Each structure stands twice: as C-alpha cells, then as structure tokens.
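There are two complexes below, and they share subunit A, which is joined by subunit B in the first and by subunit C in the second.
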Partner chain A sequence: MLRAPKFELATPTSLGEAIALLAEAGPSGMVIAGGTDLMPNLKHELFTPSLVVSLARIPELHGIRRATDGSLVIGAMSSLESIAENALVREQAPALAQAASLIAGPQLRSMGTLGGNVLLDTRCQWYNQTYFWREALGFCLKKDGSKYHVVEGGAKCVAAASNDSAPALMTLDAELGFESAAGRRSVRIEEFWLADGIFNKRHAQGEILVELTIPKTPAGHRGAYGKLRERGSIDFPLLGVAARLDVDDQGTVSRADLVVTALAARPHRVTKAGELLVGTRPGDPQGELAAEFRARLAELARLAHKQCHPLENIPGDAAWRKAMVPVYVRRTFEAAARRAGPVHHL
Partner chain B sequence: MRLLRLRVNGDVVPVAAPSHWTLLEVLRYRLGLTGSKQGCDKGDCGACTVLLDKKPVLSCLTLAALAEGHEVTTIEGLTPAHLRAGGRGADPIQDAFDRCGALQCGFCQPGMMLSARALLAKNPRPTRPEIQAALAGNLCRCTGYTQILEAVELAVAESGGAAVQPADGRRGARGAS
Partner chain C sequence: MAARDIHGPAPPWGDEFRVVGKPTRKLDGLAKATGAAIYTDDIQLPGMLHAKTLRSTQAHARIRSIDTRAARALKGVHGVITGADLPIRYGVIPWTQDENALAVDKVRFIGDPVAAVAAVDEDTANAALKLIRVEYEPLHAYFDPREAAARHDPAIHEGRKEGNVSKHVRLEFGPVDELAAAADVVLEDEYSFHGSTHAPIEPHCAVATCSADGLLTVWSATQITHYVHRALAQVLEHPPQKIRVIQPCLGGAFGGKSDPFSLEFCVAKLAMLTGRPVKMLYTREEVFYAHRGRHPMSLKYRTAAGRDGRITSVDAKILIDGGSYSSFGLVTTYYAGQLLTGPYDFPSYRFDSTRVFTNKPPCGPKRGHGSVQPRFAFEVQLDQLAEKLELDPIELRRRNFQGERTRTVNGQRITSNGFLACLDQVERASGWKSKRGQMPFGRGVGVAGSMYISGTNYPVYPNKMPQAGVQLKVDRSGLVTVFTGGNDIGQGSNSMCAMIVAEELGVPLEHVRVVAADTDLCPVDLGAYSSRVTFMVGNATIDACRKLRSQIVSAVARVWQCAPERVRLMPGVVIDLEDPARSLSTAAAFQCAEEHFDTLGSTGSYNTPTLGGDYRGGTIGASPAYSFTAHVVEASVDTETGRITVHDVWCAHDCGRALNPMLVAGQIEGSVYMGIAEALLEEHRVNRLGLHAGPSLLDYRLPTSVDTPELHALIVESLDPEGPYGAKEAGEGPLHSSIPALSNAIFDAVGIRMKHLPFTPGRVLELLGEKSEREARARGGVETGGRV
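Moving on, here comes the complex of A and B:
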C-alpha cells in the first residue's frame, strides 16, 4: 500500500480560476493533469503540496485543431491516446503520434496528457522510490539530501529526461503556450530545457501550459520515433530517438533532424543530421533505400554513438543503451524514409 | 473530507472521503468493493484497473474526487450489467476466463477482464496482436498469459456465434479446479 500524503484538491472550471488559485497558493500549490506522473511522485513523497489544482474540468485546455495558417494546435489536456489516434496529428506530425503510441500502457495513455508528458519530472533509479527506500540510502541531491549516487563525487544531478514526446516535439519546432498571473508567454520547445536533472525546464511556479503549436509541416514531411525499453509495454524509454526527413517533390531531402533522449537531463539534438542527410535522395519508400542515403545514415549513426554518454541513472545497462544508439538512429531514419514506424524491438 | 457523489456500477453512491484519497481507496475502504486489487499502488501493474466511461484507467492513480461525473465500472459490475442488458449467466468474458482456466492466483484477473471488456466494446473482433496490445498494461505475476489470451479469443469467437473449444479441451474443466 502506498498512500499519498494529505492535500486539498481544487477543481476549477475556467483557466482564470485555476491561475488565481495557483497564484494564491504559491509554492505550496501544484497542478494535476492526468496524474500519472504526479500521483506516484506524491506517493513517494517527492512533492508535498498542500493544494493540488486539477485541470480536468477546464474546457480551454482540451481539443486538437488545425489553425487557419495550417499549424496544429493541441490542447495541453489532450490524452496521449488521442494524440496517437488523431488523424491530423498522424498526418502532420507522425513522430509525435508514434511517440505517444509507445508511452506506458493503454490505461496510462487514456489518463496521461500531452501537457503532463512535456512537463514530466526527470527520472533516476535512486529518486523514483519510496521515502523509506530513499531514506535508507541517505537521500540524494535531487531530493532531501546532498549525495550523488550515479556519478561518484559528481557535482550535478543527472536524472534523465524521460518524456517520449519531447524529442518528437523538438523535431517539429513545437511552441509551448503558457498562461499565468503574469500573463501569456510562448516558448520554443528547443529553448525550454535546462541541463539540470533537479529541474530541467524553464517553467515557473503557477504557469499553466495551455496549448502546443506545431507549425505546418510540408507535404513531403516524414517522421518516425524509435524507443528502446526492456519490455514491450509500460516501460519508460531507455533511449528515445526522433527522426525528421522533409523530402521535396524531386525526392531530395530538404531538411533532416535527429533528437535523442533518456540519456541525460535534457533531450540532445545531433546537429550534424541536416548537414549529412540534406541533399541526399532516400529512394523508393517501398523498395531498397538508395546506397548514398544509407551510407550517410551510417555516418550519422556513428556520430550519434560518439555524442551519447548514457549513465547508470535509469534502469538498463548503460553500455547496452550506448550500443543501441546507432542501431536505433539507423532504424528510425529508415522507418521515416519508408513512411513507417514506430521502431521498437518487440 | 469531501462528500462525493460517485456513479459506481450503475448506482449513485454518496460517500465521504479525504481529498487525497484515490478511487481505489474509496472503492476498497469505503464501498467494500475489494474486487479492484491494490497491487503496486503506483501505476505499474494494472491490478487496480476499472472502467471510467468504458475506458480502462488505473484507480490507484485516479483521485476519487476526479471520478465524479463519470461512470465507474468495477469487476463487481460486469455480470449485473450483462444481466440488465438481457444476458444470461456471467458476463461472457468472465465466463470465458473461467472455462479457459485463465487464472492462477487470480490477483490480476479483475484488471485483465476489465481491459478485455473495454477492448471488445471498442473493437468486437480483435486480432491476437490487438488483444495483446490492449492487455499490455496488465501484468500477471503468475505469467499465465497464454490462457488469458485464449479466453479473450474464446469470448470473441462465441460473441460471433461460433461454438469453439478452448485449446486442448479445457472447456470441461469448469468448476473442477
């Protein structure tokens, strides 16, 4: 039995009401969306708010629509299941739909929201544990203590960004729209992350994530998501790979992007992806992919392998996770080129 | 303490519970509905699965107060709903699990059956991979997955009118455990 510590619950029915409640509560207030990250964290006493504000009854936060300029606007409270199944998302943002389809299991996808996924707390095998367990180890820097269990003598918390949607949203240039007592703010997801496992986002107390905007993708946009995990269900990513390939009407790559996650405190963009793949022609999506494209991709996979340094912060042997980087980079880009995916081993 | 009005298995039940209590705690410790199991109590196992408006959710991570305004179905509600709809005997999924011997210790069964029920409501003729995907959030510690998949397939086949035998004739095992 693992029970949540005591708190009061508010269920506002408008955004204004929720913002006012959070402003009044200050640091003792927290937001609950689907609760699938927050509830286990409360039960582990990683947070002890006195007021929890539910966003479930606020209509402005729901719904997926195409704006007049063709961009995709997704309410923060959209369920992961709806992201995985929505026809607009699948067409304009296939990597995001695929990432959502591989998160957790069916129950958690119907409860969990996209907003909650973006704002997921970082994870570490020394942190996502009960109070009793953490206390037995003398706690750690991220919560209640000052030790580092992952990097001996380290100076920084290296808990891992583990939200599957984040790398996909980065390849899609998503913008996050927040609202708080201070007003509205919009931030490119690219600039949202901090390389600090204790708190890896530029997200201020009391700010509600209202919606995500994904600029219109071109007709030849292709994207895919690859995920390494121990079991083919439920598990958080041990490695997540989002790939983007925009192919023009001559069949030539006009833009390529690669973002990997679950390795460090923030998702990592492999910046050479564009340089290596732009200008190549992937070839027939149904047949054999072109030799030059495959050669460039092999080079990109080698480069990604060199740049990624997984630590023993989350389950799964770090050496295995590193060895899987080039494999997943290659397979995920191949899936994107073929308009296929997601990529996972089960 | 809050006074909640929950709709559980077709009845409206007023119940008092603290704000931080989960739906699972209210079901088990206020309403005596102990069919929903408290396994990991943190989202990993699926033993606490209930239906909220016909969708499977984890009651251990759902605050009870946020279930207000939704229809909650627990394992205790399946057969009564089947009978109310004019059916006979047990809910066909429960019946198929029974005849296929799709249980060992039984701890995962309520969650398994509710996930299967939700699947069939959405997709009455699922394939084996679709059944596996729908049950992916329900762990069986006894690892009796094969009979569980066979039981769902039996319920599917029988709902299509075909009288099928469960693999290796376990049909006759009813009540003879």
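Moving on, here comes the complex of A and C:
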C-alpha cells in the first residue's frame, strides 16, 4: 500500500477553533472533509501539510435546510449520498442531486462531502500519479517542476476541473459561504473559478467553506445532469453536462442554462443556451418533444461542440469526449424537459 | 505413464458418487468471508523489518553508479542491497534466464527493480529509497515491437545473436499454400490484441526469515512454490535443503504470480544479511510493473475453405510484444500457434510467431496463456468466412468439428471432446435461431468456440519424475490429512483434493484436512499454471487414496473374515455389503488397519503419457486432455455514442466431469467476466514516454458489478478417459471465445468488424462512420469488391 506522508491531525469541535488552527498553521495547514480526494493526493505526495484539520465534528457545517426566503442551504459537510437522496434537493435542485448520485461509487459518496467536491483539486493523467511515476516522467508545472506533458511545448497547466457538482451548482446560481480569520465572505460560484489548472479557484488559504446557498427555484424548474464515463461507477467524469430549463405555467421556457465540465481547467458555460431555448415550448414531458424545441436544441448541441476542445489532460480518448459533447448536451436537455435524468450509460 | 495414472471416469465404489459432482463450498470459504484467512501480508514476526524497492526511472539505460551510502546511514535502516548482491540470473524457463532480482549494469523498463532497503518500518524504508543516488546513461528505448524486431542496436539483452527477438517459431504442417491456392474461398485479414493484466486483488507479498543455523523460510504469494524454491537456491547459492517455501492463503493470481519475482529474492537476501525477518508488500503500482500479463499481439490470418465451409488451410503470422524479459515467453511463442488446432479439423496449418523484447513491463502468462489472442483473431475470421459463405456461424463450426479421439494436424492427441454439445447448449440457451440477424439494428448475437489444455507434459525443467505428488496421513480419530504441493490460488484445488479423499475413503468432508504448498511438508507439485491442478493433482490424490483404501479394506476384511469385495467405505461408516448388521465407524476401521499394517499413510503420483508431435517443440501444448468451450454473446451498440453494452453471455464449457459444479460455474463466470473486461475496458498500456499509462485500479478499469453482463454458465461433461473421474480443466478455457463472440455479436448488431482490441466506443464510431461512407459510395454506384 502507498503510505501517506506524516502529518498531525486536529479534530476541532467548533468553527472558531478550526479557523484559529488554520490561521496559525498558515500554508502548512490543510482541511480534510471526507478525505476522498485529499488522502489519495497525500499518498501521491501532491501535498505535504504538517497539520490537517478535520471538519467532521463541527456542527455548523452539517445539515440541509430551507431558509425563510425559500432558498436551500446546504452545509459543506453534507455527504454526497445525502445530497443525492435528500427530498428538498431533489425537488429544488434536481441537477445537483443527479450529479451527486453519479459521483465515484457508493462508499465514496458516503464519505465524500459536497464541500470537498466543490473544492476538488483539478485532475490530470500526468499529475494524479505517485511520486515515483512523476519523478520518472519529469515533474510538471503543477507540482514540483516545470514541464508540460499534455500539450508539448505548452505554456499553461490545463488540468481538468473534474467535480461533478460544479456545473450543476452553476446552473443553480449557488453561492458559496466561506469563513476565515478575516471574517465571512460569500461568492457566486460563477465567479469562483479560474482558468488555471494549477489552482482553479478563488479560495484563500485558511478559508473554510461553511455552506452553499441555492436560491429558490421556480415551480417549473427542471434540471438534469449528464455524465460520460467509462465504467458505470467509480470513474471521474470524462465529460459532465448540467442543463437547466425553467418552464412557466404556459409551458414556455423562461430560462435555460448549460454548463459543461471535465474538459478544461474550469467549468464552461455555453452562454447561447438561454438565447436559443428561452421562448420555446419543450412540449409534453411524457410524449414527443416539440419539433421547434428539438431543432433549437440541435443547434445548441452543435454550438457546444464547436466551443469545447478537450485535451489529453485526463485519461480517455479526447476525440471521443469531444464527439460526445453534442450527444450529451442534447440528451441532458431532453432529460430535463422530461423531468428525467440523470443521463448516464447505465 | 503408469497404471497409477489412469483411474477412469467411474465412481470409486462402482455405483454412484457421494461427494463428487455435488455443489460444495470451498474449504476455506468461511475463513475468507469472515476475514480469518491468513494471507502473506497478515504474517507478523517478532523483530520483522519492512522492505521497499527502488525502481528505475529510465526505460532503457546503463547504470553508471549507485550510491547507497546516505540510505545506509539513515537511522532505522538495517540493510540495503543492489544488483551486486544478487548477481545470479534466473527465469522460469531454464533456457532463457535473463532476469536479476535487482538490475545489474542496466535497466530495461520504467519500474525495473534497482535496489532494496530493509528498515524498521515502511516509512523509513521509503525515506531511504529517496536517498539512493543512481546515475544512468540513457539508451534508445523501444516501445514499438515492429521497431524492436527490425533494429538490434542497442540490444535490450546484450550478447544474443537474435538481437531483440526473444523467440521465433515457425512450424508448418501439411501443404498449406497448395491447399490455399486450390480453395474456393480465401480470407486474409489482420487483427490485434492489446495488453491486459491480471489485477489480482492481493498484491505480491513475501516474508522471509533465516534462522541462526541457516534455515531460510520464505512465505510468498506465489502460485508455484516449487519453482520459487528452486530459484531461491540458485540465486542465493543457498542449499535447497535449507530453504522452505510456503504459500499462505492467496488473493488471486490468474497467472500473474507464476514467475519467481524480485521481492522473493530481496526479502530472503535481506533476512540473511540482517538476521531479522523481512517483509515486502508491493504497492498496486508495483504490481503493474511486475505484470507478466497478456502479450500484445499483431496477428495476420489467412484461412482457406471449400464452398461447403470446410477449412482446408490456415496460415498465421504473429508479432508478439514481450516487454523487457523472457518470463514464459518461449512457451507463449509456441502456444500462440500450437493451441489453435481444435476444436476444428484442418488438414494444413502454418504459423510463424515472433516474440520481441521492448522496454516495457514484462509480459507472461495470463489466464489462457498465449492462446487467447490467436483465438480472438481466428474466431473472428471464421465469422467472416461464415458471412462470405452465407452460412450460420454455428453451422460453420459444426461442419469443421474435429471429433473425439483424434489427432490434430500438429500431432496433438485429442481424447474426449464435448464441443458439439457446447455449441448445442449455447445455441439453445441463447435463443440463437430466433435472434441472429433478426433483432432490430443495434442488437446482435455472436458465437465463437475454443479449446484449452489441462496441463501439459512439458515440465519447465526437463525431468522424468512425477508432475504431481500427494501424500496421505491417517489419524486414529478418523481424520485424513492430505499433503499436496498443489497451489490453491482461490480456484479451490484444496477443496477438490478433500472431495476426492472423502469420496474414496468414505470420510465426511469435514474430516479431511489439506496441507498444501509448503515445500518442507508436501511432495512436489509443479504448481497452479496451465490448468493442470485438477487433472494432475486430482489423479495423484486418487492414486494415493486407492493404495490406502486397499489397506483399510483388507484389514477390515480380515477381521470380519469376509472377501474384501464385501467391505464398502461409506461416509463415516464401513459396512459389509452382504451383512448390513455388521459395520464399523471410519475411525475404528482406520485403527483396525493401523493394527495390521502399522502407521498408515500413502503416496500418490501422476505423470502424463508420452504426448505431442515428433518435432522440435512438439510437446509444447501437448496435453493429456483438452477442454472445449463455446460462447454466445448478446450485445447492443449505441450508434450515437459508440458504446457497447453486453447483455448476456452464455458459456458452455466441456470440463470432462464437474467434480464440484459450484466451483466450475464460478470459474466459468470469472473467466467470462475477465474476457469481456479486457475486450471493453481494461488496457495495460505504456505511454509515449515509456510510463505505464495508469498503474492504479482507478485508471486500469476493471468492470464493476454494474458493468457486468448476465453470465450463464452451462456445464458440459464429456467424461475424459484419463482425467480424475473424467474431469478436465475449467479455469482458463472459458475465457477464450468470449472475446471473439463479442466481436461477432457486434457484427450481427451493426455490421462492423471489430478486429482490434480493445473495443472502445471511439473505434466503434470510427467504423460506423466508415461503414456509412462505404454504403453511400455503394449507393452512388461505386462497387468495392472483396476478394473471393
């Protein structure tokens, strides 16, 4: 078995205590939630913190509730399993529940948290490897070195955002609530990402993600998540597609949104989705979808295909990933229109 | 071959089996399920050190220097060794010993072992590895077998006149070209098989301890204790009488634990040097470097046949990517050709196979050693032939059936052969007739057949001693202990021995204990490979039982003053067939025999008859009995994503007699799982920079339960004349034809030929695209003609 480097583990029971511990530790401190991303990364010597602060015992970080204004407030330590199964989430944020249900496998979903998923490190086939492997390769820009392996002669880290929840949360306008020694801060998830594979988030050292807030979705909200992966379980996304359709009581789309991920360093919003789909009528969720809607969707799928350029950053056939963009965009919107999903090959 | 070697298919007591043939749990099933079973890594000895291996970061390089001073100086480090400490080479095949436990002078792939450290704990050993300085002089590295076949400078193994060719075999039987020239139909095509690996859940692990008087004991997760014993003696220059090798409970092997491995020598050497027990457990990544998995092959076949579908000539040319060492490669190169000559009969056959060295983890035997790849290519070609001749693919196979009690074109003796029954069963169970060509576009069925060996008469080192030996010890309580060198690697061979003893001696199954794979205690057996254990150890067990049985029967007959024929050993009791009132408990009967004959015990052995063709290499692939298999796969293709879904696999396997149908079904299911896995998902690949593309169980994609189709195990019993009660192998054969049957199902579903593995969705889309282009051209009036 691979060994994790030695570190000290702290298990504070209040948020204040955790913040103080992290502030004191500075760059040598790290947070652990479910540990399903952090532990493998420690074993690969991608991080070597001397202090690891566990959030498991902090009550403020747990629980899923509806706030007075109808928005959904999800504690960062909520397990992925609970996100997938919670009735409120399934009703108000179906795309998120679906995305959570397809993350990793059952054991990992019971350990892994939503907060940890949002803050997941980017992934790359040349990076998520052991120290020995990376040494044999020649250390890359993201960790310990200066080489580029994905694009020969490249100049930028293109490790992929691989968290399934991110695109779904983007279609849901989620807000991330952080707390640190500097106080409270809230950021719209849209503004949270950076197009840099080395570190793709605006997340400062010592900041604890406390909760996520999803504004109330309208009654006609429909959402779905599509995930491309090789196996029916365990695997990270080769492509993730979140679709949103808000349908008014006339049956007309009042809002549409499309975010794709696992292609580049940050999730990508296909901005034309609204323009193309708003005003159309998807038609009967049980029967044949309307021709006009399907035609617009086909155009959106083509557009998404043009905008997406997967690289050989994560394992898997990049050409196939690209070819699947329009297929998954179409299928995921169709699933949303039908109040179905997730879109997954099983 | 002696009379002791053949016992016939009948039950030992003439009427019916009492134990054999009944679905029975494995002896160690409960211990494994409850976590009580002791695997190698569970062994903890007082004062035990932990060892780690430093591996090459270079694909091909000369070692200029190794500086271990800083590592030795680290607190907690007890021993550091390099190639200089273990300079003697080894290798499982005596003619091709080209491995060192730790690299001597050069390294041949990224991951090649270079040095080993023993320290108080794993972390200290790992820290010490980072302190070792190795200076390399890089050499040109070969990743493409074609290049390695053509270019010999630099040589991966120096001083060989064949350069980078590891082995070349060309054999020809009958007038191949003449018959092809005269045939009605000739098909020629190219296929390729990628690499795949065993991925046993238990990584390799070894523990060694050396007593003050030099007795070296090594526990190892090996599937061949006997070869490890021999190799240790050779490399350590330690007397074999002072070496004991034990295989604890094993967590899967599939061929991947058949070679002696670096870690066995390293722990032994470190234990001898430090005077303390030493353990080494490979990480998952290291298991991918130790490898010995399926060889990637490029295959060309030319099959000629008459209009009636009868095959007249087969010509094969195969390039095998061996990776960096020989391992079993000599045998692989032969098997790639020798094992194709059934279940079909053809009057002429030629194969030309070449194994080359490349700078990748060494390949070796994986379930279906050497013959899964050719079988894939050939069975797809047969489907192409059926298409051309507009014949039902099952019918085509029936027409070419070789029959029972016959000889193959390359001189192999075929005894029992249940292949036709296999075809019948899969045809019926799958609903073939109402499905083939009749399901909606996108869904299809495919068939394929195969054969495999039940051991061979080629011991890897030439000798005339028995290939399997068994010893029985009898306790006055009625307990019988079986001592066997056979390696139970999870396939259940210990349970098989116990069932035979229970059947023969009339003891309840729970009164049989099996002590296996301990070189101090057990007679030699050649180990768990080439599907030999049930056949050979089973026969040896029967032999030992029969000797003991005659003692027990005659002792009881003397006491009862009756003819020995009247004495019958039943489960737990011994009865007089003609006087039901008279009986003894088994324990009393054993005591009675001990009074008459002194301490009881017996030995049994098995050796193969003289087999094989009368030519160089003619014994490689010669088996006392062959198993036969047919598969039907039902699959569908999502033409938009290219994704293949396998719905059902029906596998009918002729195992002679199913001694334990539960375990036979388990072997069939496991084999099919593994075959479909490597067809669709698994790929053991080295990338353009020479690194293993994903040495982890995240990136090496073993199918999970949700990815696994419905598996239907159908057992066919042909009752082999020489197998134990008629049994043959069931562990490897049922993998073979699953892969071509899937390819053929895809053809039935969407009309594309998957000739290159793995069958990825990208490749499916590519072929679908080519097909629609072809069809568009054809509609446009441009004909593209095939060669008939």
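The rule is short, and it goes like this: the second predicted complex is superposed on the first by the 346 of 346 C-alpha atoms of A that agree within 3 Å, B and C clash if a C-alpha of one lies under 4 Å from a C-alpha of the other, contacts with A are read in each partner's own complex, and residues count from 1 in each chain.
Just so it is clear, a residue touches a chain if its C-beta (ideal position, glycine included) is under 8 Å from a C-beta of that chain, and two chains touch if they have at least 3 such contacts.
Not measured: the values here are computed from a predicted model.
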item	value
Partner chain in contact with A:Glu8 - subunit B first, subunit C second, else both or neither	first
Which of subunit B and subunit C A:Pro106 touches, first, second, both or neither	first
Which superposed partner A:Ile234 touches (first subunit B, second subunit C, both, neither)	both
Partner chain(s) touched by A:Glu135 [first = subunit B, second = subunit C, both, neither]	second
First (subunit B), second (subunit C), both or neither touched by A:Asp317	second
Partner chain(s) touched by A:Ser54 [first = subunit B, second = subunit C, both, neither]	first
Contacts of A:Thr36 with subunit B and subunit C, given as first, second, both or neither	first
Overlapping contact positions on subunit A, where the subunit C interface meets the subunit B interface	1-3, 6, 105, 232-234
Residues of subunit A defined as touching subunit B within the complex	1-9, 11, 32, 35-36, 39-40, 42-44, 52, 54, 56, 104-108, 110-111, 232-234
Residues of subunit A touching subunit C in the complex	1-3, 6, 105, 125, 129-130, 132-133, 135-137, 149, 230-235, 315, 317, 319-320, 323-324, 327, 345-346
Subunit C residues within the subunit A interface of the complex	55-58, 110, 122-123, 126, 281, 283-285, 638, 640-643, 645, 681, 689, 691-695, 698-699, 701, 703-704, 706-707, 760-762, 765
Residue ranges of subunit B touching subunit A (in the complex, touch as defined)	2, 18-22, 25, 38, 40-44, 46, 49, 55-58, 60-63, 65-66, 115, 133-134, 136-139
